[in-house]
Each structure stands twice: as structure tokens, then as C-alpha cells.
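Next come two complexes built around subunit A: one with subunit B, the other with subunit C.
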Partner chain A sequence: MSNIAGKAYAMNVITPIRSYLTWVNKLIFWAAVKVPGVLTGLVTLSLIHYARWVIIPKDKFPHLDPSQPKENLNYNYMLFFSNFNGSWDQYVDSFTFAIPGGLDLFWKWNIRYSKSVALTPFHDYIRYNQLETIHYYNAYPLAASNDVKSAKTVKSSLIQFEKDTQTVSDEEFLKLYNGLLRGLQHDLGDMYPTPIVTMSAYQVERRQKWHEGKLAEAGENHGK
Partner chain B sequence: MTKKLDLLDIQGNVIRAYGRFGYPVARYVCLNVRDGAKGREFVGSISKKVTTAVEWGDGPGKMKQPDWTINISFTYQGLKDLGVPTSSLIGFSPEFVSGMKARRDILGDDGPSSPQHWDPIWQRNRETRENDVHILVSINALAGQGLDWLKTAEKNRDQAYKWFQGEVDKTKGGVVILDGHLGDNGEQFKYQDAKIVLDNGKPTSKEHFGYTDGISDPVFEGVPYDENRVKGRGKQIPGGKWAPLATGEFLLGHVDEAMEYPPSPEPVLLSRNGTYMVYRKLHENVATFDRYLEEQGSKFPGGKELLAAKFVGRWRDNGAPLVKAPDAESKAKYDAQFAAADEQGKDDLLSDFTYDDDMSGGKCPFSSHIRRINPRASLEMIHEEAGFTPLGAFLSLFLPPSWLGMFKKAGDKPGSLKVSKGAFNTPGALSDRRRLLRRGLPYGEVKDRTRDDGNHGIIIMMVNADINRQFEFVQQQWINYGNDFKAGNDKEIILGNHSLDDKFPSKAVLQVDPNSDQAPFLLSDIPRLVETRGGEYFFIPSITALHMIARGVVDPT
Partner chain C sequence: MASNISGNAYALTILSPIKNSFTDDEVSYADTVRDRLQSWNSEPNSPMALVPQTYLCRYFVLDDVYTESLPGASAIDTLIDLLPFVPDSLRRCYWPKEDHLNSSYLVFSCNFHCGPNADLDGYLRNMWNTISDKIKEVWGFCHGFDGVDNADKFIDYMKKCQFEATLFFVGSNDDPLEEQLKALYLKQEFSKFAVSNQGLDTATLRANFKGFIQRVAPANLTAPTWTAGGYRIDKLVKRG
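So, the complex of A and B:
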């Protein structure tokens, strides 16, 4: 499925919102970023790369060419755009388990929003309004967002360590080295392909090829 | 607990891990239905003796504890061949319909765990109709008193099996027992036997690697005899308190943690009080385990036994959790406390803990068995970098950063994580819907600890309302992958499908206290310690549903 690239999943959900209520949502978005603690839940869910909510007024949809017919829309639209690691279920479920209140706050004014609990109506709402991704490019298909963050931490720590240890004694070096490892103890996970999250024949075959080291031959250099 | 379940309608193995109630011996038998009508008749006669979840003892609403128990469950093919109509069958979950073998890529059953290495009965399953496993019958037998406790249990089992065989014979070939469960010397049996591990003839609650097993089984609402076992086994709620999980996490037809009825087949009478069960035969490579533990234990600062505890999160001898007894000194204190405690006190010492004081994993590593299988509230974790305090962040909207020195925070110590307080709806939000009831017993005997081959391991049966959301998720994301634990692709140490390929060796990080001066221990080249030898997904119907299946009256219209 093209919603998936490597370890990442791209989700686009577009939902109608009454134009006279749009300002409420904009106010909520503004406040959510400013008021401390509102987004703690979202930040703590480490499978999320990012999540973005944008309001598109009904007369502001992109027109790429004069020949593109003008649509006649009754509502403004809220575009939700997120990249995350794991499967659709894992992501949507984590959202509803962990931060149901936050979701309801953001979607409350959207037409026919079901609330995030119970789960099945919420699943249906997202599925119904989700746009499938037609093309999805991922620069680091083997990396989850945690892997990228860890890699950056490892790199900067190593550079610092190199500086700090130019002239130290053996004992001091060992102490600093242990400190380096200790500081990185949550950043040393291996980086191999993700477990298969879809049973599509394509994904299963790709995995087999990767294990056999043949993915590159097939013209798909999957990070090897 | 206010909710009361209809215990007479629920099969006993859903609610009880029989081993804990004095049943040290079990026998699992797989059947193939050759004739639907005779098959239904057979289900009818078994269902008359099926053990329910009703309370044992004297007094109203209770029954005498039976000498043996019998429980019955079905695969998708089994239900189909017993005449359950398509309109009901389409309501079962896709994973149940596909079966375990078809889900091997999701489960990571590769290499030595792949189906070509499974016991013949599981290899042949879902290949030809005659060899499909349709029904699983499990018999558990009660131990006797005194020296003959085990012999009595075996006698009870044989008696139950004899009765059961008689019922199969009555079908005159309408239902046949399948063979192909591998025994000690490669012979194929018509049943899978399981038995607690003995230590010099004495009963233990250990498995073949030497760990005490089956301590933290989830507790959910409505089970009267679990009321004192909620701490550490239910769901963690704010303030380090515990509450029983919602019934619908483990039983269809009841409200679950998402405040809804889990997806179930129709009619309601078919699914209510029923559930799904995952049966897996897991072989344990004892020689590899011993060798690896010896080899790494000689390098590990805390010694071999502490390392063994780090693999699982509990000490091998008495199951003491590392969170409560992280080193030899605290373990000695724990042991003294444990020895002096009454039954309830012992139980609390074993299960009543949180990871709140061990968020960095210095005591119980992130890749240890119990932290991966049931992270409790530990996934509500965060590492804060240096920056503004919340107030500072707000003020920085209006004021230049150079004025705000006093509103800056240093950030968390490198290598540390802490509770992200109040981040989630409930502390255990990411764990509460991934819980599994664990049933089953060890099988086989280790005759030569220097060899991996032989016939020894665990028959594990996991009960859940949603195979995909609960069992498969834990297996895939938490056992065979580590992203939720900020561990990349590092796997759970004991059960992970560690790679046999030199190009992708498996490792794990055993964290240390970020405030100490130690270095984390890197477990390298972890070998495959546990291998899958077969299994399948089953549906455990309620007693009502059993009667309906037997009479052929399941019909959603």
C-alpha cells in the first residue's frame, strides 16, 4: 500500500467543518500550541513523527490549471496530516487510548465527528474521511522517528566525547566512556526493517528479498 | 467489583489457570470432524461434562472441585464443518479465519520457528480437509494428597481421557482424533501431554529455563475469586492504584476498555461469554540458554543469577521482581520479607509493583520479558531536553530569550526517562488493551541439559477478545520489535525471534541507573532461545453457544 514507506505511514484525513465554527477551531489550535501541557500526550506518543491540522476555507482549494473545474463546497475543511511508525490500527488506537480528550477537542466541531471513544465509530469516521496516499517518499525507510532522534543524539554525543577526551588520563577516559554509553542507553537500538504490518503479497515478498540481500538487485536499495 | 459474570455459562479455562488450582497435569487433543451431524452429536455429549467457571466449594452457587476438567474450543474450519452458517462465520475476526500458519509473517515465525519445523499435526493442519484441526479438547487433572499426588493426577487424567475416547468412539468415525504431536523420541502421539516441572519429584511453578512462571495474569471485572489479586494484575490508574480490567478485553459480549462491545459474530448468543484462544507449542533451547547465560554471566558485573533475572525481570528462584529487588542486597531483604509474609503478602510482593521508580530501566531492562509483555504504565515516558519551562515558553512569545534565564530548565540527565505525568488519559493507556490471559503448562522433560533437541518447552494458551489487537500486537511490536521501548529493532530477550543471520545479529541493552557511574551492559549475539513448534487460533464458546452448535441452531436471522 502506498500509505506505507519503510517504517512510516502517511495519513491524510479531510473532514468538513461548518464555516461559522471554523474560528473556534483556529482558536483551539492557537491555544494548544501556546498553553503548556496541552500537547504533552501527543509528544509522549513516540511513534508519531508529527501531526498537523490545517483549515482549508471552501474557496481556497488549490487550482492548478484554469481548466480545472471550480468545486462548489458547502463547508470548510480540516486537513489532518501525520506521519507515524507502525500500522494504521496501532496509530489510531494509540491516539484514542492515550489522548481521547485531545482528539475530541480538535475534531469536536467537525461534521458527524463520532468522538474518539467508543473505538469502532471513530475507526469508521477516520476510514471514511481518509485520503489514500498516492505517492510517498521516505528518505530513511529503515528508520523510525525514534531511530532518527537517537542517531542525532549518538552523533552529537560522539563528537563531544571526542573533544572531551583529547588529553585525559586512562582512568578519566574510562569514566567518560562509561558516561557516554550510559547517556546513550536509550539510543542504541538496532536498525533493521520493521515487522510486516500488512500481509499484502508485495510487502511479504519485499521482506523475503531483503533477507536474501536481493532488494538492491531489484533496483530498490532499502538502506543496505 | 460490582459486576457479576454468569460463571455457569463461561468455560472454566477462560477464567482459571488450572495449574494454580492444583491441576499439575494436562492433555490436549485435536479432532477432525468427518461428519457434521455426528460431530454435533459429539459436541453435545462433551458439552454436558464441560467444566464451567463456577466457584468451587460448599454453599449456594458453588460446586465441588472436580477431579478433572474438560474444555472444548474450535477452529474456523471446525465451526464451518459443524454447520455454523456463513452468516455467522463472517462475523469472526480475519485472523481467526486465516489461522496461525497464515499469519506467520506477522508473528515472526521464521527460521527454526517456521511451519516446516512444526509438529506434523500443525504442519498438516489447513493443508487437506482430513488433516485440519477442527476441535481442541483440553483435559486437566487434579493432584492427590500425600506422596502419590502426581500418580493420582495421572490416574484422573487417564480416567478423563478414557471417557473422552469412549465419546469419540461413539461417533463411529464421524469425529477422529488426529495424531502428529511429537514425543520424546520423534514418535507421533494422538495427544499433547503437559505437566508442571518437577524438582527432585517435588512440584514447582517453573518452566525449563528455571524461571517461575505465570505470576502476573490479568484480572478483570466480574470474577469473584480474583478480588484480592487486582494489585499489579489489573490496570494501573492514577496514584499507583489498580482496578480490574474491563471484562470485554477477555470475553465477547461485554464492554471493553474502549467502552464498546468487541467485534463478535452473530447472533449474540453465539459470541457472548465466549472468546478467542491462541494455542502455541514453544520449544525451549535449554543448552543454548545455559551456555549463553554462562558466557554472558561471566562478564556481567552482577553475576550470572542477576543476569538471568535481567532477561526476564524476575529472579529465577522465587520470581522476585527486579523492580523490588534490583541487586543481591535488596534481594536478601526481599527474601526475608517474602518468607515471613502470609499468602496474600507473598502475592502482593510478587505482583504489586509499578515501573514509576524505574522509568530508565536501571532495575528492570526495557527488553526483559515482563516489561515487554506487560509494560504496565511505563510507556507513559519522556526524556526532556534542555529548554524553557512551560511558563518560560509562554513568556518567550512576548519577551526576548536573553531576559528569560530564570525560566530555563537544564533538561533530563542523558540516558534517563521519566513519567510523562498526565500525558495519557490513564497511566496504562497503551498497555490496557494489549493484555493476555495466559493458560497452559510446560511439556516434556529435560533429560540432558547439554542438548537443545529433545521434547521440552511450554504449551501456552493465551485468551483475548481480539487476536489482532492483543496477541498479535504484543508478539509483533513488543516481542519481535522494540520501537515502543525506544529500543529500535531490539527484541524481547527470551521470546524474540533472534536472527540466525550473522549479518543481523540480535542484541539488547541492559540499562543502568542514569545517576550511577556504571555503563549499560550490551548483550550481544543473542541466540534463538525459544522456537515455535506449532499452534492455531481457537474460539472458546460459552456453554449456551456449545448447546446451540450441538443442536445446529446457530442462526443470526
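So, the complex of A and C:
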């Protein structure tokens, strides 16, 4: 089980929703995409890589084989998948603080939704309905969502700077270089692994150390 | 399926029903799928690192849905509790009903770069071509997967299990993965350069910068760059 891959956390939440009210939810989601500014609150949560909501109608679970029993459900189900940076509490709380109204709109029609304020019932609701990830892959475990965004700025600035300084004098070069650093001061910074990148990476490292006979040196030979 | 797409990023959601059967060792197929996915965690890196353009993805097994069974706490519930003549049958019809799934489902949720043409087929084809052994390892226990032995059949199968996202939010960016990895590599290297080249005279700084640009080759996406899924700082950089 691994909800964590480097700096990203995988959250999966499944909640029942009354089938005769699902269209309202879909309308709200549709409006959120179409009406400018509705997702502004979500954009301010810069800790998110990617997130999505999926509604599965009660009679639309895949039925691929006659031997497969058909589902007989009372409710439709809403799945929420998110990839975010930081801890579970930070994420859930930042949702509550940044977009409590939007959050309530998205989940409003779900059975027993507690509302995003107060925090404790909301925590309980999410925790109760959360599913654990078994395998989680992240293409850049060392990078947060903000790193990916700032790296894009660094890359384009660097390419532009190199182009602009091909034929300038040394004095002009220094002026532009200082300007480059000033412009990128919010985008630069080393990235390093978190203490445990993933439980799997941790186990792999341990196994490698074991084979190299270094566990004893590191004082990690418990159970040896 | 436009709502699966945001710019050049794609949100793929797959639910594949797992057969209600047991292995010779009397382990349910759902638990076997779970064990196999778990075993991927012990490999040096995820098999998904080999699938081009994968940003982030996850696998888990959905055994059942959650039933919201807490007793009512609304004003109506409280009122009904106070009225002893209200029959239990009426009282219960306000409460959430209990749902259970008849099959377990293998859930695969993936975010990848799909390009301007929203190329899902291309992504799934690459997935099959790079990790078909791993795919069979887990999807082999699912209904309808028998007979899937090439990329075209795999694409057809996955589309039968696909769900449309009602809202897909991209908080990062939707550049091709190699662009993102190169940019991260440059950010890392230029941060080090900026720190280690402070206070130099302009001629030296300029010469060092020239050497730096030649070494990091900003426009070359192939190398040097970060490897997809790399988590060890000493093995992160892929050189040409």
C-alpha cells in the first residue's frame, strides 16, 4: 500500500449520491468549467498536480461477461481522485479554508455529506470514504506541483537569456544576468528527496544496503 | 469524451471487474490482484515509468462501496424520534440504504500527456507495447480480458471499462513529459549554478555560464535530463 510517491499523495474518495439528483451535480461541474472564475479558488490551491471527479451511474458499472453478476445498487457513486503535495491534513484543511462554498457545491448532493465546515465532521467524512492506493507512480517524485510550474519558467527564461546575450558586452551581460536572477528568484531552488520517498523506494534502498552489507554500519540491522 | 481532457492532459479512469474466483491456493482473485500490485512496490521502479507520457497514475482494488450508515441527525430525524407513534418502517425510509458491490473492481486512474489530438489510443498502445507482461499480471484476473493478446484488443477492452470525468482539473501543466523533466533538470542545475557562481568577475561568470549552457543543453530534451520516476538524487540525471 502506498498513498505516497515522493512529494505527491494519492487521494481516492468514493461517496454515494442520489441518482435523481446526479444531474444537478453534473450541471454544477459543467458550470465550473464553463463559467470563468468558478475554478479560481481551486487554482489558488497550488499544491495540486491533477484532480478529477467521476460520477458512475448505478447501472453503468462495467458488465463485460455473462458470468459476471450484475450490480444492484441504490445510489450512483462519485469518485474523487487527487494528486497533491503535503500531508493529508494540510490538503483537506486547505480545501476547507480556500473553497468551502465550492466544496459544498461539489459534494452537496452526496449522502450524509457533512459540509466542509466544521473541520472534524468533514475529516471524518473523507476518512470514512477514502480508499487506499496499492501502487502509485509519479514521474517526478522529487518535484512538487509548484516545482513543475516554476521549472517551465526557468527553462524558457534561460533559453531567452542565452539568446539575448550572444553579442552583448560584458557589462550588459552582467546587468541582464542579475535581471535574470531577480526575475527567477521565486522559481529557483534545489529539489531533494523527502526522508522516505515512498515505502517501496525505502524497502528497495534497505534491500540494496542489506546486500552490500551496509545495514549493520547504518545501525539498521534490527531483526538480522 | 471532452471532459477527460484539459489542454493537452488526459484523465483516464478505468474500472475493470475482477472475477469472483479463487486460485488453487484458495486466494481470491481480488486479493491476488492486490498482491501483484503490491509486489510492484518492491521493484526498483514502477513498471509505469516505462510507459511514455505518464505524469502520475495509481492502482487499487475497489472491493465494495461505503454505506453512509450513521443514524440520522437532521431535524426530521430528531422529530421522528420524538414521536413514538411513527412506525419503524417510515423511520428507516429516511435512512441511507445499504449498498454492496457484487464484484471487486481493479481501478486504474492515470494522468498523461495526450497532445492536441487527445491521443488515448496512442497512449494505451504504448502501454501495451512496453509493459504487456505487467498488464496481463493484473488484468488477467478480470472479466472480459480473456483473449486480449495485442494492442488493438487492449485498447478496445480499456475503452469498455472507461469512465468519463465530470470535472478534470490541471493544477500543474500539460506539457509533454520530456519537456517537464528537462525543465526540472534545468531548474535544479541552474539553482546550483547561481549559488556557486556568486561574486565572480564578469568575464569568469560569462565563461562559466557558457560552459554551463553547453553542459546542460537547454533545447535538447533527450539528454541530459531527469529520468522518469527517478527518486535517487545520484541516479536522477540521464546523460546522452
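Just so we're on the same page, the second predicted complex is superposed on the first by the 185 of 224 C-alpha atoms of A that agree within 3 Å, B and C clash if a C-alpha of one lies under 4 Å from a C-alpha of the other, contacts with A are read in each partner's own complex, and residues count from 1 in each chain.
The rule is short, and it goes like this: a contact is a pair of C-beta atoms (placed from the backbone, for glycine too) under 8 Å apart; a residue touches a chain by one contact, two chains touch by 3 or more.
Everything quoted here is computed from the prediction, not taken from an experiment.
Of the two partner chains placed by superposition, only subunit B is touched by A:Val117; subunit C is not. Looking at the shared chain after the overlay, A:Gly189 reaches both subunit B and subunit C. After overlaying the two complexes on the shared chain, residue contacts for A:Lys26 are found with subunit C alone; subunit B is out of touch.
Looking at the shared chain after the overlay, A:Leu181 reaches both subunit B and subunit C.
The larger set of touched subunit A residues comes from C, when the choice is between subunit B and subunit C.
Of the two partner chains placed by superposition, A:Asn76 touches none, neither subunit B nor subunit C.
Residue contacts after overlaying the shared chain place A:Asp147 against subunit B and subunit C alike. Of the two partner chains placed around the shared chain by superposition, subunit B is the only one that A:Phe97 touches, whereas subunit C remains out of contact. In the superposed pair of complexes, A:Ile159 makes contact with subunit C only, with no contact to subunit B. Judged by the touch definition given at the top, the superposed model places A:Lys34 against subunit B, while subunit C stays out of reach. Comparing which residues of subunit A touch subunit B with which touch subunit C, the overlap comprises 43, 46-47, 147, 150, 177, 181, 184, 187-193, 197, 199, 204, 207. Residue ranges on subunit A touching subunit C, taken from their complex, read 1-2, 5-6, 8, 10, 12, 14-16, 25-26, 29-30, 32-33, 39, 42-43, 45-56, 60-65, 67-75, 77, 79, 81, 83, 106, 111-112, 128-129, 131-143, 145, 147-152, 154-155, 158-159, 162, 170-171, 173-174, 177, 181, 184, 187-193, 197-201, 203-204, 207. Against subunit A, in their complex, subunit C makes its touches with residues 3, 9, 11, 13, 15-17, 19-20, 34, 37-38, 40-44, 46, 48-49, 54-62, 65-68, 70, 96-99, 101-103, 105, 107, 109, 111, 142-144, 160-161, 163-173, 175, 177, 179-184, 186-188, 190-192, 194, 202-203, 205-206, 209, 213, 218-219, 226, 228-233, 236.
Per the touch definition, subunit A reaches subunit B in the complex via residues 7, 34-37, 40-41, 43-44, 46-47, 85-86, 89-90, 93-94, 96-101, 117-120, 144, 146-147, 150, 157, 175, 177-179, 181-197, 199, 204, 207, 211, 213. On the side of subunit B, the complex with subunit A involves touching residues 103, 105-106, 108, 257-260, 263, 360-361, 366, 380-383, 390-391, 393-394, 397, 413-415, 417, 420, 422-425, 429-430, 432-433, 468-469, 473, 476-477, 480-484, 486-490, 501, 503-504, 506-507, 509, 511-512, 514, 516-520, 522.
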